[in-house]
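Each chain carries a letter (A, B, C and D) given by its place in the written order, and its residues are counted from 1.
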Amino acid sequence: MANTLKEARAELALGNRIAANEGVLDTFGHVSMRHPDDPNRYFLSRSSAPDMVTPDGLIEYDLDSRPVRDTSVPQYSERVIHGEIYKTRPDVMSVCHHHSPSFMPLIATGTDYVPVFHLGSVGGIRPPYWDQHDEFGDTMMLVVKPEEGASLARALGQHQMVLMRRHGVTVVGSGVRDCVYRAVQTCRNADFMVRALSMGKSVASLTEGETQLSRQITGKTTGLTRSWDFWAMRVAKADGAPAASRKPARTAAKPRRSRKLRRR
Amino acid sequence: MANTLKEARAELALGNRIAANEGVLDTFGHVSMRHPDDPNRYFLSRSSAPDMVTPDGLIEYDLDSRPVRDTSVPQYSERVIHGEIYKTRPDVMSVCHHHSPSFMPLIATGTDYVPVFHLGSVGGIRPPYWDQHDEFGDTMMLVVKPEEGASLARALGQHQMVLMRRHGVTVVGSGVRDCVYRAVQTCRNADFMVRALSMGKSVASLTEGETQLSRQITGKTTGLTRSWDFWAMRVAKADGAPAASRKPARTAAKPRRSRKLRRR
Amino acid sequence: MANTLKEARAELALGNRIAANEGVLDTFGHVSMRHPDDPNRYFLSRSSAPDMVTPDGLIEYDLDSRPVRDTSVPQYSERVIHGEIYKTRPDVMSVCHHHSPSFMPLIATGTDYVPVFHLGSVGGIRPPYWDQHDEFGDTMMLVVKPEEGASLARALGQHQMVLMRRHGVTVVGSGVRDCVYRAVQTCRNADFMVRALSMGKSVASLTEGETQLSRQITGKTTGLTRSWDFWAMRVAKADGAPAASRKPARTAAKPRRSRKLRRR
Amino acid sequence: MANTLKEARAELALGNRIAANEGVLDTFGHVSMRHPDDPNRYFLSRSSAPDMVTPDGLIEYDLDSRPVRDTSVPQYSERVIHGEIYKTRPDVMSVCHHHSPSFMPLIATGTDYVPVFHLGSVGGIRPPYWDQHDEFGDTMMLVVKPEEGASLARALGQHQMVLMRRHGVTVVGSGVRDCVYRAVQTCRNADFMVRALSMGKSVASLTEGETQLSRQITGKTTGLTRSWDFWAMRVAKADGAPAASRKPARTAAKPRRSRKLRRR
């Protein structure tokens, strides 16, 4: 079990690095994971650029976003985003908050997200927008107070993604891989939307039925594993790892689907 | 001959990697090749990110897209795209299906493709659009049933490329190099179109005559070899191969134009 | 103290390289630093592409932008930008002048900068524009005469950034890290603006209150250190440094916040 | 002198590689150089992707674009672009023909080039457009016949750049460095224009006076050397050369300004 938890922590660290390497995160933003063995705990890195997150740098939090153990290292200020969502969404096992360049033109103009191809279906059709100003007036825009996190979690509701006006995006998943996959694919879809809308034409959305059917299949079966292995290889490549040591990644990094992770 | 087939398989694997490295493919999409010695067979990789395709990972299929030999490895779900096109187009020796970011804004808005410079002529003028919804209603958008693949093949007709609404692109060629070349050059042309149309101006297409003349010359003579050698060198460079070992690629990777490959 | 100055020079050299590596600078543009121990002096590299700046290549200038010591190496022609701003703004400890691709579409169209997310707040709301032609008529567009630099410094006033019509941007900071951070984040914000405006929609700005609150927090606390460490790691990675030697960057490159640097 | 010629050939090869590495050229396009010792000869690589050009692969041509010595290696088909321009423009010592992605949206829409910042001045204000169709009707769009090259040279006239409708760009210079510098800087300016125009606003051009003054200064003095050293370092970096061996580039690759090169 300790072994299992160790693997989960390694997966979360890699998830942060993948999200950074694929352009979802840069200096800021973070991916968290609910504790695989305790639904009232979650893991989030100490304050660090996502591409520099390590398994050893993860901090264990309770759902009020207080460190379970005393720590003196700098912490992310927006961790309530994670804690408050884990409180209200027992099905959510992983959360990613980001300000990806792909999404920011939609965010800056308040444009609704729609899936323009099957892989974009994992973000749903027109996920909700949330504006911190509506409830809290002028703030420093960071989601740092419990009530701000709770407000965001309410806006998210049962969706898989919530867009934050003049700020960014928060996306959730049934596991680290699912969450990172959703983050990457919705960013690609958002990029396609921005450039399509720049042509001055309307974009065609998947229908409601297509979206439901697509989101069930993409990320399932072999697609999620294929993506994860590819992105993990790209992280290794970006690190300058020799080509030979990268190739076996396909078999080495097998998908983690333990009972524990799916328990809830 | 076994030697020849081995070279062909290596070329197909490299073709997948080139298409990935040049931005045509990412996690998804694939390039296939008709069996050089048996027109009723084709090769396609096992489920794998295109940049990780290897000659050993290729699976041999019949034209109904059933593996010729039992296999337990995960397979691409959309392989009927390849099989159904090989059935109806004896001249086609290679097929590439992709969702390149370059094309997606055109796809999302249903904009017709036109060649805006000579190299774009390999895609033709206004190749057809196909919408899976027209014939099959709400689906998961993947082309997985034989009748879906057959419908797409009918839409392709005698063209070199078919655009798939809210999905992507399928492009064909007289060989792996020709197919990959067409995929890359049409993506470049599509990118130019998207950014040109974003300026709010109309784009100038090659004339019908220019398109016919251009497509005969580009990709012929020395251009195809030059491109392939360059792209192969870039794949080696992306792998971190030492500069010295990359340079000889020009002479080492000589164009494969065996009788076998052109037999049909 | 000599040790301290040595560190400051290393930080300035790294700041130039970071700004280049993050897309703010290319062949041209430069970051300078006021002498930490003498407010009437500043450091700027000898003429060099920013990514090739070294601590040894820094030249010490007086505020009239004359080298303190005779030198025969080529110098930047636009150094009066730095000197004249240091003259009029005692709070400014670092200046960056650039023509980042992110900003140039705004510059070319005379579009006002507004923060479209919290990190963009460090540029303020609608910082001033300056047009060299207004005061000096037809010039070669470079800011090379003391009166041209002084005119630009007047336009900057008490702002943190001034946009230069048909030229570029000049941004200031309370230290090298603060200045580089402001340069990078405003470039990101500008990029978001350009692509958002290309969609033909209006962009939502932070309110005045949000901007004031955001700019106080971003770049403070842990964010600035996190960014600097990340960007320094990326410079090392771009140099091909082995992964192992890159990781400790977080602890090695600790934030320089000496009394000297904040003295003024 | 043989030594001088050897250096010139090395510079031309490097110029091709720089133009490729900076995004001006990809698989196609080429940079040529007039023979430094014989104005009736010029050098152009054998058919090769520009990033793979080597000094040994250069072919010596007469101004009718016939190889001076028999050769069996594949040659570029569009070499008359170079030969015909060298015939009519004795001041031109280097020519670059390209289809850079930066320029293609302007080309596709027939938009005039104007300098939107000082470095763009090297392309002039509204350089001429040439359309092969005007004089030759439907062709394969490549400039392969002497009369096609001559027509293009007439369109170029005394300008530094000519835009080719539905094709690309040809730019000239007083030497390889000057030509490559002009190619890179005009591409940057073109990119700024495209994105600025995508915002639906008009772009501000330098005035005629500013353009004349700017083009005299940029590329002169230290700017050209600084750029060349930087770009040469980037080519070395792309080759994976160790960081240590890259740094001395600044002093090693000193600007070639021999009498020979400026003789005409």
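Rule of thumb we're sticking to: contacts are C-beta pairs under 8 Å (C-beta built on N, C-alpha and C of every residue); 3 or more make two chains touch, one makes a residue touch a chain.
Because the structure is predicted, anything quoted here is derived from the model rather than measured.
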Minimum number of chain-to-chain contact steps, chain A to chain C: 1
Label of the chain whose CA centroid is most distant from the centroid of chain C: B
Interface residue overlap between copies chain A and chain B, same or different (over half shared): different
Rounded Å distance, chain A centre to chain D centre (Cα mean): 45
Rounded Å distance between chain B and chain D, as computed from the means of their C-alpha atoms: 32
Sequence positions of chain C contacting 2 or more other chains: 198, 200, 240
Chains that touch, pairwise: A-B, A-C, B-D, C-D
Interfacial residue positions of chain A with respect to chain B in the complex: 116-119, 121, 188, 191-193, 195-196, 198-207, 209-210, 213-214, 216-218, 221-223, 225-227, 229-231, 233, 237, 240, 242-243, 247, 250
Complex contact set, residues of chain C against chain D: 26-28, 47-49, 51-52, 54, 74, 77, 99, 101, 104-105, 107-111, 133, 137-142, 165-168, 194, 197-198, 200, 238-241
